[in-house]
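What follows is a set of structures to go through.
One chain, chain A, links the two complexes that follow: it is found with chain B in the first and with chain C in the second.
On to the complex of A and B.
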């Protein structure tokens, strides 16, 4: 345990305290107490910057499950630190914002902050673990806390639906990822990421390599909402807006990005990695932005926008994989793609975070998020409007904001793929820049919609629940800080380049960076008249044209049939799975105990018969049989008669007496078989049993066959004869096959010596196996209590009835 | 003798299974009674029959029958009595509360499906 581990666990510890703050200090918003922690953690992690900026790392480790080789190794390098700063930094702002967003009177704040802290700790664990098993554990914990946060308003049906959907999809991906992790550990014989990275070359040719790659990517793609798994993210917007800003745009959905970046050194040399990550990423980028335009809910726009931006970062990481196909840093233009990915990751967190907070403000102050009802809010909310403009223009990729810079670098990365003569890029490579460009146009359109449909246009007070006004200052602080960062990073991007971006990028492509060397990361605003600039101008020109004519072509979206969407597929398959399992269970669990007995008996016949058949146990050894005397034959006839009487008796009394007769005959058998104790006990017990039967006789129902049909009887006969036959065969077989000597000789020899008794059976019961007898008595006592309880229960109930009367 | 006993045991088991599969409560209880008789005889038969004197050292015999199955059966007899007694009271109470001894009418509560 070290301070670093404590930092990772501190949110969990804080979560324990939250309910006490909530109960004890109701007058103060619980968020104020929680706020202290992420700020402290943020400053703590800032302290690591001097270490990581020289591409060094801090490592602290302790054994968690040593027998399985699982250590909890906390490892802070450039990439981990970047995420840790995002988690704690955005976390602080979100907690501050939530204090004003969630009313302390109406909301169950203790739940909210416990879940939020749970998430914060889990996320820190994901990005700071070097061990894949601890990473996986924290990974699933983020899914669980996300589930809890989406379902925070659990009385809403849509919240529960969204929570379940995100849970099913992300946990499916998580389990796939676990499979991939296990395959990796089989191949490399370690769970440590760095040790695996050092064996990347050998792993590449392994037969399990491709399977591990696909399974791990399933985890990353479900978490980061890539096509076709993105469908959970729009439904996750049912969560309170601070949660959407935090989990579903800035941090948790980037865990998949993190995983891809972190494992790039292992997988990136494979062309499968390049194609899957790059193609899925770029298609998601296009598909998300294309779908965002048809949304009418502001959060819906932002959700699809997040999907699209995550795809953008993913495609850059895919393109960056090409960098590994070159040995040296010199003239390695593909590193630009990795740098762009890291830079855009930061930018997206800032502008998308501020935009979500803007939506929260609009929702809070007007009561709706529907752009068909909103409009003309500019005069009521000038500050919010300014923030929205900064965020949305940055998202659209306009200068001078940071989104412009990373969007240019994104175009560069995509265009450079055209020059690549490896990985079969000549044929399909052109699709990358084309999709990037088309996706950017739609990004531009929905960014404009976001601003102008809300703030300009006609003000419709009759459609709003409340009269809009500017948000309280507390709610504005966080988005203002983020918007300020958007401008700051836009104007002075090189503040970040060697502090955060270079170390993180170096961690993604460690094999290219020699010790002491640094990746060339210099971000500039003006590169001259380049294809990228022309693309941006094209985006703006076409975007404006299409935005103006939006009403003319928006109907095109209705051409897509609603029934063949991925959501419909999810709903139908979930419904089918529920119905199917219900029908299946209904079919064999029909509520009749008799049916279950039939299953048991049929299984019994099948499994024992099969075993005896395959083990050649069906032998009869006639050499060692005991002789049959006259008494025995008489007794056998009596038993047979008893059985027949019971089976065909019409009256209760006859069957009870026949049962008694069988019991007494059994005790006579015991006499013949030299078991005097058994004979005595059986006699006593049988007498008491018959007495008990007769005692209950008066209360028991008439012996009724309940009109059993012939078919019913026949089935029972077959099953019962089958059981009888198997038992007979088993008994004969046990006589004929002696696998080892009896252990009886020990008891015969030691009964007197060890226990000073002469009756072996008695000595075994009370001495050698004394505890067994004790437990047997306990069972009897329990049965006795049960009987007593059953009788008493009735008396109590009757007593109550008497009282009522 | 062992083979004959095996057949008797098989018959006891078969009839008890048949009774347990019927719909009437009382027949099911009688079935369990027969089942325990069959099980006891099965255990003692498996240990081998009539291979010496009763397991009492006072007999001073050269060989004794296996005492271990007898100890097991002794326990089993007592337990089966406890089970029968509990079953009887349970059947009696069920009949009183539900007004039927037909297993088909005692299905799990439909509302809980």
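On to the complex of A and C.
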């Protein structure tokens, strides 16, 4: 395990320590301890820049489960490093911000930071794994930590709703993605992304190729909140604002974009990829910004804005796929789209992060995020206002901020698609620049709403819970840093060109970059009077006009019927699924253990008896049998006597004791057959289970044999005799059919040599079959906690009923 | 109903320690002789159950102020920690090491990481058994 692996795992290790910091050092905000880690990691990952800027990569690997071909290969190239820097950089700022946002007296900080660190580690794992299975594992872990963070204030109903929604949608996508990954590994016979990339040509013609493509895109689209899966993101805004800034705008939702970018070399040549990624992306971009305008919650605006911006980046990656249809870098203008995607990814993280923090400040200092209640805050919060202007103007695409540069490049990418005469672009290609332009107008409008509805206009102190004032300096540091970056990248974009953007873009289209070569990255403010510039001017002009007349046309939104939205579809289908499974389960689960046992046993007899019958498996081989001794006969008689006692016992206590006697006698059999481990275990288990029976004695109903009908008894007889007969026949047959050599010899030979143990049973348990034991004790633990939960729940309910009466 | 179980209570106090000692012996003997974490854990729980039968849950809970649910977690942590610990040494998940180490008092002792794993099993078994028995017993 290398330092790189340790860096990926360090957030998990830190998460273990968090509760101790929280309990032991209550007087210091736990966030200060946590803050150290992302800063260290950020500086560590900065150290990789000199390597990746020459399109080199660092690879460290160790065997995780070698027998299944699963290796944990940590792989740092331009793309992975860009994301790692985002995760740790924004992570540091968010942790710093959260120290002032979450009070150490009232909030359960230990939960918060454990979840946050869990997420950080998982996200680093996603972007730095070369093995698709490890990537998938970390991917699902990000969904789980996101679920936990959204439900951080779990006593709020909306939080739980939002958490569940995001979980269902992203895990649905994750499972589809797992399917896609497995198909890829079937096609390419490897889980390594780079090995798959090297076989991209052969994979393209494979019959499973299209299915794998769609499944993987489902994963990416659900995670990155693309249409029609975006509905979880606005509800995820119930999370604390630092979380929204971190997970739901800067990092986690970009995991889908990462996946699309990472797998572009495999899929992008396909025209399906171009059309699905490009079209869904551009439509999401339009739809998100269109819906953002009608929001009244500041976080709602930002949520839809994030959906829209993610669509923008996605559409650029789709458009960039066109680049692969050309062989060389010369005159390959479609590279520009890829470069724009990477650049906008960075810009979005900076300006959206700062805007989320601004919303957090407003919420924190006024007690509301509703733009109908806010207004005139400019005189109270001048610094916050400045940050908001910088962030929102960058988002709207105004110079001199970085958003202007990437928005221009976005227009370029969309316009260039018009020149393409492949992929049927002649017919539908015009939609791309048109939707991009319309979407940008709405982006402009909601950016203006964000700033001016909050900070200018009439101050309404009666609607605010608190008297507004400027935030403490600690809360301002992080958004100020981000806003400074917005300006810095806006004025000097070429700081990033060959350090971060070029290596990341080169990793997306590796086939076009010869060793030692670099992609051309030119970012400049002034290209002359171009269509892009005209489009931007158009956006500003129409945007201002529409913003001024906002009150006149905002009513148009109410024309959409509320019942046909995607949210309503989600709610009704969830409700229907719950009702349906409830009715179905109710149909056969009647609450009597006896009935369930009947199901199990009848099925058991049926399937085993049937198989034995059809496979002609029933053979009796009487050779090679040991002689039956006196002890065995005596024990069998005792067992039979015990069983008959149970059958005819009048009281339950007698049955329990007789059952115990049967169990003890069985363990005597183990003694005779020289299996001391089994005998010991059986003895102790019998003891404990008899004790358990005695403990729940009170709860069991009185044994009443008189009311049992004849048919009931007959059914019992048939089933019990059936089970006994099938088991007996099966044991005899399995003894008679020796299809394989016994594996006992392997253990006899290796127990001492390999594992230095003399007790074979124990060595098998803890060493040779250690995995089995590990999973068994996990199941045992789940069962134990389950029983605890069930019984406590029932008691709690009883208590409530008693209170009501 | 007041019952007189002086005999049961007095003997179980003594027998309890004998059983516990035997359980610990079983646990340590596991690698070379019959025994191991599972049986050891069960037998330890058996000893505690004996106390439960002789006294009542409250008295026993006072004697062992342990939250058995946490014991489950600690046990799982031991088991997974032992398995995952091998990764730090650049060997596949679940690789055990063993060797003879000189310990003061014990002399030359053979140590095996499998025992740490078994300790996890031991704790989980006690935790689960006691959680189940205690919750069912308490719900009366």
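Just so it is clear, the second predicted complex is superposed on the first by the 590 of 805 C-alpha atoms of A that agree within 3 Å, B and C clash if a C-alpha of one lies under 4 Å from a C-alpha of the other, contacts with A are read in each partner's own complex, and residues count from 1 in each chain.
Following the convention adopted for this analysis, contacts are C-beta pairs under 8 Å (C-beta built on N, C-alpha and C of every residue); 3 or more make two chains touch, one makes a residue touch a chain.
Remember, predicted model here, so these are calculated numbers, not experimental data.
Trainee: Which partner does A:771 contact after superposing on A: first (chain B), second (chain C), both, neither?
Mentor: second
Trainee: State whether A:63 touches chain B only (first), chain C only (second), both chains, or neither.
Mentor: Only chain C; A:63 stays clear of chain B.
Trainee: Touching A:627, do we find chain B (first), chain C (second), both, or neither?
Mentor: The answer is first: A:627 touches chain B but not chain C.
Trainee: Name the chain, either chain B or chain C, that contacts more residues of chain A.
Mentor: Touching more residues of chain A than the other partner does is B.
Trainee: Contact-wise, after the overlay, does A:791 reach chain B, chain C, both or neither (first, second, both, neither)?
Mentor: both
Trainee: Figure out whether A:751 sits in contact with chain B (first) or chain C (second), or with both, or with neither.
Mentor: first
Trainee: Looking at the overlay, does A:105 come into contact with chain B only (first), chain C only (second), both, or neither?
Mentor: A:105 sits against neither chain B nor chain C.
Trainee: Which holds for A:694: it touches chain B only (first), chain C only (second), both, or neither?
Mentor: The answer is second: A:694 touches chain C but not chain B.
Trainee: Could you look at A:157 and tell me whether it touches chain B, chain C, both or neither (first, second, both, neither)?
Mentor: After superposition on chain A, A:157 lies in contact with neither partner.
Trainee: Look at A:639 in the shared chain and tell me whether it touches chain B only, chain C only, both, or neither; answer first, second, both or neither.
Mentor: Only chain B is touched by A:639; chain C is not.
Trainee: For chain A, give the residues common to its interface with chain B and its interface with chain C.
Mentor: After superposing on chain A, chain A residues 676-677, 681, 685, 688, 692, 696, 699, 758-759, 761, 765, 773, 780, 783-784, 787, 791, 794 contact both chain B and chain C.
Trainee: Which of the residues in chain B end up touching chain A in this complex?
Mentor: Spelled out, the residues of chain B in touch with chain A are 1-27, 30, 33-34, 37-38, 40-42, 44-58, 64-68, 70-71, 73-75, 77-79, 81-86, 88-93, 95-96, 100-104, 106-108, 110, 113.
Trainee: Mind pulling up the chain A residues that touch chain C in the complex?
Mentor: Within the complex, chain A contacts chain C at residues 1, 62-66, 676-677, 680-681, 684-685, 687-688, 691-692, 694-696, 698-699, 755-759, 761-763, 765-767, 770-771, 773-774, 777-778, 780-781, 783-785, 787-788, 791-792, 794-795.
Trainee: Mind listing the chain A positions that touch chain B in their complex?
Mentor: Residues in contact with chain B: 586, 590-594, 597-598, 601, 620, 622, 625-628, 632, 636, 639-640, 643, 646-647, 652, 655-656, 659, 662-663, 666, 669-670, 672-678, 681-682, 685, 688-689, 692-693, 696, 699-701, 703-706, 708, 716-717, 719-721, 723-725, 727-729, 731-732, 734-735, 742-744, 747-748, 751-752, 758-761, 764-765, 769, 772-773, 776, 779-780, 783-784, 786-787, 790-791, 793-794.
Trainee: Given the complex with chain A, which residues does chain C contribute to the contact?
Mentor: That would be residues 26, 29-39, 42-43, 45-46, 49-50, 52-53, 69, 72-73, 75-76, 79-80, 83, 87-94, 96, 98, 110, 112, 114, 117-118, 120-121, 124-125, 127-129, 131-133, 135-137, 139-140 of chain C.
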